[in-house]
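Chain IDs A, B, C, D, E and F follow the sequence of writing; residue 1 opens each chain.
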Amino acid sequence: MASTYYFITIAILALASVVLVRASDPSPLQDFCVAANDSKNAVFVNGKFCNDPKLAKAEDFFFSGLLTPRNTSNPVGSTVTQANVVQIPGLNTLGISMVRIDYAPYGQNPPHTHPRASEILVVLEGSLYVGFVTSNPDNRLFTKTNAVALAALSSQNPGVITIANAVFGSDPKISADVLTKAFQVDKKVVDYLQAQFWWPNN
Amino acid sequence: MASTYYFITIAILALASVVLVRASDPSPLQDFCVAANDSKNAVFVNGKFCNDPKLAKAEDFFFSGLLTPRNTSNPVGSTVTQANVVQIPGLNTLGISMVRIDYAPYGQNPPHTHPRASEILVVLEGSLYVGFVTSNPDNRLFTKTNAVALAALSSQNPGVITIANAVFGSDPKISADVLTKAFQVDKKVVDYLQAQFWWPNN
Amino acid sequence: MASTYYFITIAILALASVVLVRASDPSPLQDFCVAANDSKNAVFVNGKFCNDPKLAKAEDFFFSGLLTPRNTSNPVGSTVTQANVVQIPGLNTLGISMVRIDYAPYGQNPPHTHPRASEILVVLEGSLYVGFVTSNPDNRLFTKTNAVALAALSSQNPGVITIANAVFGSDPKISADVLTKAFQVDKKVVDYLQAQFWWPNN
Amino acid sequence: MASTYYFITIAILALASVVLVRASDPSPLQDFCVAANDSKNAVFVNGKFCNDPKLAKAEDFFFSGLLTPRNTSNPVGSTVTQANVVQIPGLNTLGISMVRIDYAPYGQNPPHTHPRASEILVVLEGSLYVGFVTSNPDNRLFTKTNAVALAALSSQNPGVITIANAVFGSDPKISADVLTKAFQVDKKVVDYLQAQFWWPNN
Amino acid sequence: MASTYYFITIAILALASVVLVRASDPSPLQDFCVAANDSKNAVFVNGKFCNDPKLAKAEDFFFSGLLTPRNTSNPVGSTVTQANVVQIPGLNTLGISMVRIDYAPYGQNPPHTHPRASEILVVLEGSLYVGFVTSNPDNRLFTKTNAVALAALSSQNPGVITIANAVFGSDPKISADVLTKAFQVDKKVVDYLQAQFWWPNN
Amino acid sequence: MASTYYFITIAILALASVVLVRASDPSPLQDFCVAANDSKNAVFVNGKFCNDPKLAKAEDFFFSGLLTPRNTSNPVGSTVTQANVVQIPGLNTLGISMVRIDYAPYGQNPPHTHPRASEILVVLEGSLYVGFVTSNPDNRLFTKTNAVALAALSSQNPGVITIANAVFGSDPKISADVLTKAFQVDKKVVDYLQAQFWWPNN
């Protein structure tokens, strides 16, 4: 039986938990500025160094990595494939990128935020429960019930902060006393959470 | 037989003809600012007026219009379905939008430019000849050979300028003398071109 | 005994838990644009409507609310006093604001993020444990051990998202199944957390 | 006989054919950042590397190249003299530039667009037919009848795309099949156009 | 005898005294947004309200006011004619404007700064002494010796602050005690300066 | 006797004399980009080169220099201690900074402008006469009567231009003839002013 595919387009401020942010990337000052490999430079700049524009080639602007379904056998039941300035160096200075998200049944892309981008998401196949929460003081949840999805992000390097990992899986750990009060739970719960292996969902 | 679908992601400065531009939309100054209906206002602002944020609802952020394949029986053999701030009022101030492009065999989305956005395009099914041309003085063409596509654009209202329509189908018409010299052709060719019915590909 | 006061200035990407974001506010297009009262308008704009600049007065640019120490008898042991475009209408279009944070002994300003601003913090009195966590995949914690603090934020309306409140205290609640998997805990822990009264720390 | 000169100032979104775009250059982070010569660097950045500000000299901010009338004996009958960051290195990070346009009688500056700038134009001598076309779906032409002109552009490196050259004179050529359908003409017309020598009007 | 005219293009950070600033105007979110007349609105926005784009007409983008030489019989011996969003409503959201400056022999456009724009200046006729001073701590003066000039500014509403007028001619006056210490002069000099009639050079 | 301290927060467009400007710094393209030491590079960029983010350490984000009261025995009776990207390299790309201002009795921070930032000021102790003047043509003075102050600025490198120093203390000096006409005073007054030693208040 063929799975059907649905195009439901969703403007997402952030997926399932936190209001997202749009920090528009600085504007380009030339047609393109294909990102150079970081490894040769001892110094860095805001964004990326670029190659000589005369040496730009079609391959700098193409990527086939969104073609392949990915294994979703992991604790959260989803895998994110990124297509940003790291994978497509020609995206440098263009202020846009994409991701493919494969979901196992009942999988999820955990509550997260993109610190440098807005997101818009299209469900290609299956159905997804998607929503976002507004900032303080209301923290209203906006959702719609509706599993391969494509999302576009308004930055060449949108960044991701998976809330649970950032709070309980940081290196070194945040003081358990801080988290005990912040989450208003018994310290044993915090100790238990900090002892988990946090799946590196990026 | 099932058509296969390919995910080839392409950073596009502009499709098939003209270098595109990224004018990052101004940043938001609140969580969201759902676009209000223009029709009630005699005055306008840069962007859109918004509704009271307390009245925002999930529907303001969702759109099912990318679900339906569209008829491609038209002179250019392609149809663009937009999902921008007009269709998804919640996109207002977020600086991102999407389009679905249905192609008939040998159809095309004619040479165009987006005056206010960068574009990134994913080919979902079939294969596409895609490319872009750099600005003066080089006008280099970057292409890759590779028919339902999804594209994301880094503006809530990216705009489209279909070159042929803007040059030969404007209202009123550009002086034929100007175009004769600009395109270095016989005035009869310009007269012929200006007499065409230009398909309103938006 | 006099409490001493320390000026330790700290560039904070985000306090104690999540990387913060800088979405620079759009630039002003006139000397000032004093925010008008929202209540008179059925429509809204990105940011604020303003009053006639000829009617601007000194009071529009001043605020004495950071003068008074605030009561910190609440579950988190801290109180934030804001001085943004809501309290100082003259800040509209200027892209900056401040907050005062009073801490009880062992109090905290819980893990949060500012969706539209960078933060810089000065400790005036006492000592504070302050830090921030980088985005995926590293989630590195940067801290320094060192309690009245003043912080400046690079937006007229920086917004705040207190992680615990947004995740466990949203209205309506995020599905417990989602949170059970996201935080990799027993559903009872999630049920317990969602049943708490979440202190409206703004 | 003395030619008179007229100061008619015109806000131009784009000259004679295509709506133009304003992508404001990123803001400066210091007083000035005089552009260094590209040739010494194997790597590039968005914009330009700069010289040590202590070494800046008055000459970095001056240019006499707009002084000399230029030869307009070429197929389009006009010559553009640029004064941008290439000619005036001190313009780097300042977001502005100028051009002088000399017109032969009945000459033209062919339909073009500036991918990174708005334009404002002053006619110093003679009279010019100037206009611009809006984006889809209306493609309305705005004109006013009125030949040495000075134009200012809101970028240090505004870029130019001469439509006819980009469409018919790219290297390599755009597929004739694509252009035949895009311009809805016989393939012979496209072949003829692609065989022209395209004047390198920059 | 015909006066000759010189095209000397000068990137100016600020004229004769103070470093200038470039605050790039927010980007447009539509093709154009012709400024509406302020007088009908009790409320204001950052920038200008606009008219219905369907009602835009060619006149909204043209201005003949730079045509006429202006009387320079005033204390500073110069007159500035502005062509910004006030004179050309179509400039709204486009981030650019121009001025014409007529100089009497030995006239000057006094030390000033543009709070929202960079400036580039072309000397059309005569010769001008032009320069700018860097910010603290160096306050270096950059000049070049070289009287009708045209200048372009990277904002729809660049603003002008004539230093002498702002310091000694404000309403109400700045405390003489403040100025006595700031300028390290006898209070009588300050009293004398504050008693002058300050020419409203705009 | 204990000095009391007052928190009066003031949105300042500019202190005591000139309207200030907000040129929002370009947005960051990564979590952080700790400024590298200029001295190793023969070339420069807009802003700062950065160190490898993997080498960032807590110290890059902290500064204790605002801790110490400073000597105010100088002609203007005030001392400014800066905490910007020079002192806190982690501020690079974050668009915010702070200053501490110590005032002697009757001291002043002379009329100045920040060419790249808005300012917000909190009076911690004592009382201050603070105000700002609008741009031409009105030059209205906004003040409020109310001496250790902390100010935040919306740039990593806001810059300062002390009016008196820039006008009368530049190197080389501005032509006395220019200043005589600009300030409408006898040339002897200008000569006297230019002969002063200008205190390097930065």
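The working rule: a contact is a pair of C-beta atoms (placed from the backbone, for glycine too) under 8 Å apart; a residue touches a chain by one contact, two chains touch by 3 or more.
Here the structure is a predicted model, which is why all the values come from computation and not from measurement.
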What's the farthest chain from chain F if centres are computed as the mean of the Cα atoms? B
Pair in E-F, C-F or B-E that repeats A-C, with over half of contact pairs matching by residue number: E-F
Greatest centre-to-centre gap (Cα means) from chain C is with chain D
State, to the nearest whole Å, the distance from the C-alpha centre of chain C to the C-alpha centre of chain E. 38
Taking each chain's mean CA coordinate, chain A and chain E are separated, in whole Å, by 46
Whole-angstrom distance, CA centroid of chain A to CA centroid of chain B, is 25
Chain B: positions in contact with at least two other chains: 19, 22-28, 31, 45, 47, 93, 115-116, 131, 135, 159
Can you check the complex and tell me which residues of chain A touch chain C? 16-24, 75-77, 106, 108, 110-111, 113, 115-116, 129, 131, 133, 135-141, 159-175, 177-179, 181-185, 189, 192-193, 196, 198, 200-202
What part of chain B is in contact with chain C in the complex they form? 26-31, 33, 36, 40-41, 45, 47, 49-53, 92-93
State the interface residues of chain D toward chain E in the complex, per the touch definition above. 2, 6-13, 19, 22-28, 31-32, 56-59, 61-68, 83, 88, 90-91, 93-98, 100, 117-120, 122, 124, 131, 134-135, 142-144, 150, 152-154
Of all residues in chain E, which touch chain C in the complex? 23-26, 42-48, 115-116, 155-157, 159
